[in-house]
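Please see the structure below; I have some questions.
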Amino acid sequence: MDVLFSPVILFFVLGALAAFARSDLSIPEPLSKALSLYLMCAIGLKGGILVADNGFTWEMVLAAAAGLLLSLLIPIMAFAVLRSFGKLDRINAAAVAAHYGSVSVVTFITGNQILTSMDMAPAGYMIAVLALMETPAIIVGLYLARQGNNSDVQQKGDLFRETVLNGSVVLLTGSFIIGLIIGKEGFEPVAPVFQTGFTGLLCLFLLDMGLLAARRLRNAQTLTFRLVSLGIAFPIFNGLLGSIIGASLGFDAGTTTALALLAASASYIAVPAAIRLALPKADAGLYLAMSLAITFPFNIVVGIPLFTSISIFMVQLWL
Amino acid sequence: MDVLFSPVILFFVLGALAAFARSDLSIPEPLSKALSLYLMCAIGLKGGILVADNGFTWEMVLAAAAGLLLSLLIPIMAFAVLRSFGKLDRINAAAVAAHYGSVSVVTFITGNQILTSMDMAPAGYMIAVLALMETPAIIVGLYLARQGNNSDVQQKGDLFRETVLNGSVVLLTGSFIIGLIIGKEGFEPVAPVFQTGFTGLLCLFLLDMGLLAARRLRNAQTLTFRLVSLGIAFPIFNGLLGSIIGASLGFDAGTTTALALLAASASYIAVPAAIRLALPKADAGLYLAMSLAITFPFNIVVGIPLFTSISIFMVQLWL
Amino acid sequence: MDVLFSPVILFFVLGALAAFARSDLSIPEPLSKALSLYLMCAIGLKGGILVADNGFTWEMVLAAAAGLLLSLLIPIMAFAVLRSFGKLDRINAAAVAAHYGSVSVVTFITGNQILTSMDMAPAGYMIAVLALMETPAIIVGLYLARQGNNSDVQQKGDLFRETVLNGSVVLLTGSFIIGLIIGKEGFEPVAPVFQTGFTGLLCLFLLDMGLLAARRLRNAQTLTFRLVSLGIAFPIFNGLLGSIIGASLGFDAGTTTALALLAASASYIAVPAAIRLALPKADAGLYLAMSLAITFPFNIVVGIPLFTSISIFMVQLWL
Amino acid sequence: MTKRKKLEILVDTPLLKRIRDLSKQAGVYGYTLYPTFGGEGEAGRWIDDQVTGGAGSKILYVTISEAEIADRFLETLTPLLEEYGLMITVSNVDVLLAKND
Amino acid sequence: MTKRKKLEILVDTPLLKRIRDLSKQAGVYGYTLYPTFGGEGEAGRWIDDQVTGGAGSKILYVTISEAEIADRFLETLTPLLEEYGLMITVSNVDVLLAKND
Amino acid sequence: MTKRKKLEILVDTPLLKRIRDLSKQAGVYGYTLYPTFGGEGEAGRWIDDQVTGGAGSKILYVTISEAEIADRFLETLTPLLEEYGLMITVSNVDVLLAKND
C-alpha cells in the first residue's frame, strides 16, 4: 500500500485543498483541541506500556542522549542560517530556531502509525524521547535571543510553567507514566478508545491540520521565498542528521526513522506558546507559518516516506 | 424489531420531549457540529468504498440523472404551491422551495442505517447522488426568486463558495473520493471509528437534533397552519415521486427507498447558509422551522418506515 | 489488580497534579460537557437493559425506598452538623446539606466500573435509584433554608425545571427508559460506543475532573478547616450508613457498595444549578468546593475501595 | 442615529431566566447573550465550567433601550444586585436602527 | 489617548464576509470578531447553533476607527440594515494606540 | 450609579497572565475575560485556534475601575503596547455597584 494513499494523509490533503479553495469547511476548535489531547494521551500510554513490557535498556539512554543532543544542536545551526541566508533579525531567528529544535507530536504520531502499518514500529521508548525533546530547544532559543541580557525572575517562573509544565508536555509525560504503571493488562479496558480508535481519530485531526496549515499559509504576510526554502531545507537536513545518528547507534530502521522525524519536525504547540510569552517581539505569524504551514505539510507528505527510505538505507549501510 | 423502537429514533424522541418540557438539557454546539462532520465523513467513506468495490455501472448514471431531475423539479412545484396555497411572497416561497429541492444528510443517514439493519442496504452510489443533490436546488430557488433581476458579480463568487464549496458538500465529496481511493482494505484501520462507532454516535446526534427541532418549533413565529401542512404534504408527495421513479428505473427496494428519502427530505445545512447570503430578505426563521422542525421529524419518525413500505410495494409492482 | 492503579484513577490523579503544579493543561469545556452527557447516556442505557433483562423485582422497590430514605435523612443530619460544628448560617448550611443528600453520577459510574472489573457488578436497578436520588435532597434543602417562608409561585415553576427537568436527570432517566425498551438485542448496534468505549472515555473525563477539583480547591476562599473535615467526615459516615442499610436489606456486596457510594457522594451537577437559582444568597464557591474539591476526590481515591471492603464485610456479617 | 442606553449584566447561567423575565416586565424585549471565559472578583477566581450544571458559568446579557426603559429595568434589578452577585454597567450608544424598544 | 469611534455590528455568520468586504471599501482594515450565545428580537428567540450551516448563528463584528471613516462605513451599511437584519451601535472610546485606521 | 472607566485589552492568550499580574500591581482586582472568534490587523488575519498552544488565540480582558486606578494601570501597560501587540480601549460607564476597586 502506498504511504501517500493512506487515509490519514488523504484527509490531510482534503483539509488543505478545502482551505485553498476557500471552502467554509471548519472543524470546531474545541474538537481540534480535544483530538490533540486525545492523541497525546494515546501515544503516551502506548509508549509507557511498550517500555513496561520491554524493560529499561541501555538503548533507551542512548536514544535519549541522541534526542537531547539534536535538540541542542539543531537550534544553534538553524539560528546561524536564519540570520545569514534567512536575513532575520536576532530575535526572530532565535524564535524560529527554537521551533525546529523542538518536535511536532503529530508528525511523530503520523509517522509512527505509518511505520506500524509497514511492520516497522519504532521502539516504545522513542515516545519518552519525544517528550524529552519538547522543551530544551526553547531554552537554547532564548539564550540565542538574549545572549547576555538577563531576564527578570518573575518571568522565569512564568516561563517554567509554559515550558516544563506546558499542557502537552504534562499530558504526554503523565500518560507515559500511567502506561508504565498499568502495563499491557491494565491497558486492556481502555484499549478500545486509546488504540482501536486511534487511526480514525488521527484522520479527523489531520483533516483539521490540513485546514489550519493551508489557512496559515494563505494569511502569512512576512514569509519570504528564502524562508520558505529554509522551511523545506531544515527538515531535510535535520532528518538526514537524525537518520545518520540513529543508524550509527545501531537502532533498527523503524526507530531510526522515528529519530529522523523528531529531528526533522518543528513544534507548533509547546514552543509557540512559550516563545510568545518569552519573546513577545518575535513575529508569531512568521514562526507559526514556517513550522505549521511549510515544514509540517512537507514532513507529512514527503518527509515520512523519505526518511523511511533513507533510514532503511542507512541502517543497512551500518550493518 | 420495530423501526420506531430503534435506539436512533428513541434518542431523537427523547431530545424532542426534553425540549418541549423546557428541560435545560443541551448538547454543546461544538459537539453537534463535530458529530455532523463525523457523520458526513463516515457516510462519504462508506459510499466511496462501496462504489470502489462494485465498480462504476450504468445504474449509477441513471440514479444520478434521477436525483438531478428531482432536485430541479421539486423546487419548481413546491414554489407554485407555496405561492398559492401557502400564501408566501415570491422571495420566501423561493427560499423554502430551495430547501425541499435539496436533501437532508441526516435523514438519509438514518434511513440508510435502518435499511441496513433490515438487510435492505441501498446501493453505495446513492451517497454520490446525495452529494450531487445538495446544491442544484439552490440555483433553481435563486432563479425563481429573482426571475430576470441579475445579481452582481461579486455576490456570485461568494455564492459559489457557499454552495459548491459549502463545508458539508466538500466533506461529503472529499470523503467519497478518499473512500474510492483507499477501498475496502485501506478502510480497515479506520473502520473502528467510521463504521463500528457509527450507530452509537448517530444516537447522540439525533438526541441533539430532537432538541434543536423542538426548540425551533417552539420559537417559530411565522409558521401558519397552511405552512405546517405543506411541511408534511411535501415530503409525502416528493417521497412518493422518488419511490415511483426509483422503482420504474428498476432499482432494488433499498435503493428506491433511499431515492424516496432524498426526494422527501429538506436541507437544513447547506441551503440555509446559502439562502441567508443570497436572499437575505427571506425569513430564516420560516425556512428553518419548515425544514428542521416539521419535515425532518416527520421523515425520521413517519417517513422512513412509510417510504420503505411504499418502495417495497412499488418495486414488486414493477417486477 | 490494585484499585488505585486502575487507569481511571490514575488519570484523575494526573489531572489533579497538573492543576496543583499550575500547568496550563486544560480540557476544552464543550468536551467535558460532552463526556459528562455521554457517561449519563451510557450508564442510563446500561441500567435499563439490565432491568429489562432481569425483570422487575421486589428488591428494586426496597432499593428505591432505601435510596429515597437516605436522600431525605442525610441532608437533615448534615444540616444540623453544618450549623453547629461547621458554623455556617442557615442558608449556607441548607445549601451544602442538599448537595450531600443528592448523588454524584461520576462517583457512582467510577465505582461501578471498578466493581465490575472485580466481578462484583451492582444490580442494574441501582442506576434507577441513582436517578431517583438526584432531586429529593434539593427540596429538603430548600425547606431547611426557608422554614416557613413561602417562595413565590413563578419561582416554583423555574425550580421545577431546574430539578426534575434538569438536563442530567432527564438524560439519565430517558436513557434508562430507552434501555428498557430496546433491551439487550437492540443495544448491540450501539454497544461499541456506549459500552466498549466507556472506560477509555471515563479516563478522559476523570482527567478533567482532576483538573477542575484541584483548581476549585486552589481558588476556594471560604473553606475553613472545619468544613474540610466535614467534607471528609460526611462521605465516611453516609457511606457507612448506606452500607449498613444495603447489607441489612440483603443486597449482594456489589449492590451494597453502590448504595454506600450513592449515600457517600455529593452532587456537583444538578444540585448546584438548582441551589444557585433557589438560594442565590448561598455561597456557590463554598458548596462547589466542598462537593467537588473535597468529597469527590476523597470518594474516588479512598471511598471506592473503602466502601467495597466495608460492604463485603457487612454483607458477610448479615449472612 | 438614535441615542440609547446599553445595559450590560454579567449573570450566573442559572439566573439568566430570571433576568429575562424581569426585563420583559420592564418592557425590554430585545437582548443578546455573549459567552464568557472567566474572571475574578471578591468571590474569587473562576473559569467558565460547563460541567457543574452552570453554577460555575456566567453569561453577559446585553440590551439596548431608551433611557426611560433602561431606568425602569435597573430599578427592578437593584434589589437583586447583592443576592445574585450581578455586575451591571450602563453606557451611552448610538444605534443605527432602534429595535424592539 | 486618541478619540475613536467603536462600531459594533451583530451579523448572521453567512453575511459576515459581505460586511468585511464593505468595510475594506470604506477604508476600515482592523476588526475583531466575538462569538455570541443567543438572543431575542422581533424575529424571535435564537440560540447559537452551529449545525444549520451558520444560518442560526450570529457574530459580533467590532471595529475601532476615526469618526470620519466610521461615518463612511455606516453610510455603506445603511441600505443593508433592513435586509440583513443587522444590529449596529456606535460609541466613543479612547484608544491607547490607534491601529489600522 | 457611579462613574467608572472600562478598560478593554485584547491580548494573546499566553500573555494574559502577565496582564493580570500587572493589573494587581496597579490595584485592579476585578476583571472578566471574554472569548474571541478572530480578527484582522496589521499582522494579518487570524481565526481563534486552540491547537497551536494559545499563540494563535486572543482573549478580551475587561476591567471596570476608578479613573485614577485605570490611569495607573494604563501607565504600566504603555511600555508593553508595542511589544505585546495589545489593543487597548478606554470608555466611560456607569456601574450599579462598584466592585473591587
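Order as written gives the chain letters A, B, C, D, E and F; numbering starts at 1 within each chain.
Here, a residue touches a chain if its C-beta (ideal position, glycine included) is under 8 Å from a C-beta of that chain, and two chains touch if they have at least 3 such contacts.
Treat the numbers as computed from the prediction; the structure is a model and nothing was measured.
Chemist: Steps needed, at minimum, to get from chain A to chain F via touching chains?
Modeler: Minimum step count, chain A to chain F: 1.
Chemist: Counting one step per pair of touching chains, how few steps separate chain A from chain D?
Modeler: Tracing touching chains, the least step count from chain A to chain D comes to 2.
Chemist: Taking each chain's centre as the mean of its CA atoms, which one is farthest from the centre of chain F?
Modeler: Comparing chain centres, B lies farthest from chain F.
Chemist: Taking mean CA positions as centres, which chain lies farthest from chain A?
Modeler: D
Chemist: Taking the mean of the CA coordinates per chain, how far is chain B from chain E in Å?
Modeler: 33
Chemist: Quick one: chain B and chain C, Cα centre-to-centre, how many Å?
Modeler: 41
Chemist: Residues of chain D touching 2+ other chains?
Modeler: Residues 34-35, 50, 54, 91-92 of chain D each touch two or more of the other chains.
Chemist: Quick check: what residues of chain C touch more than one other chain, meaning two or more?
Modeler: Touching at least two other chains: 24, 26, 28-31, 33, 162, 166-167, 192, 197, 273.
Chemist: Would you mind writing out the residues of chain C in touch with chain D in their complex?
Modeler: 26, 29-30, 32-33, 36, 154, 158, 162, 166-168, 208-209, 212, 215, 219-221, 268-277, 280-281, 283-285, 288, 292
Chemist: Once bound in the complex, which stretches of chain F touch chain D?
Modeler: 1, 4, 6, 20, 29-35, 59, 64, 91-97, 99-100
Chemist: Hey, which residues of chain E end up touching chain D in the complex?
Modeler: Per the touch definition, chain E meets chain D at residues 10, 34-42, 58, 60, 74, 77-78, 81-82, 86-92.
Chemist: Residues of chain E touching chain B in their complex?
Modeler: Contact set of chain E toward chain B: 12-15, 17-18, 21, 43-56, 80, 83-85.
Chemist: Residue numbers of chain A touching chain C in their complex, please.
Modeler: Those residues of chain A that touch chain C are 28-31, 33-34, 37-38, 41, 45, 161-162, 165-167, 170-171, 174-175, 178, 181-182, 185-187, 189-194, 197, 273.
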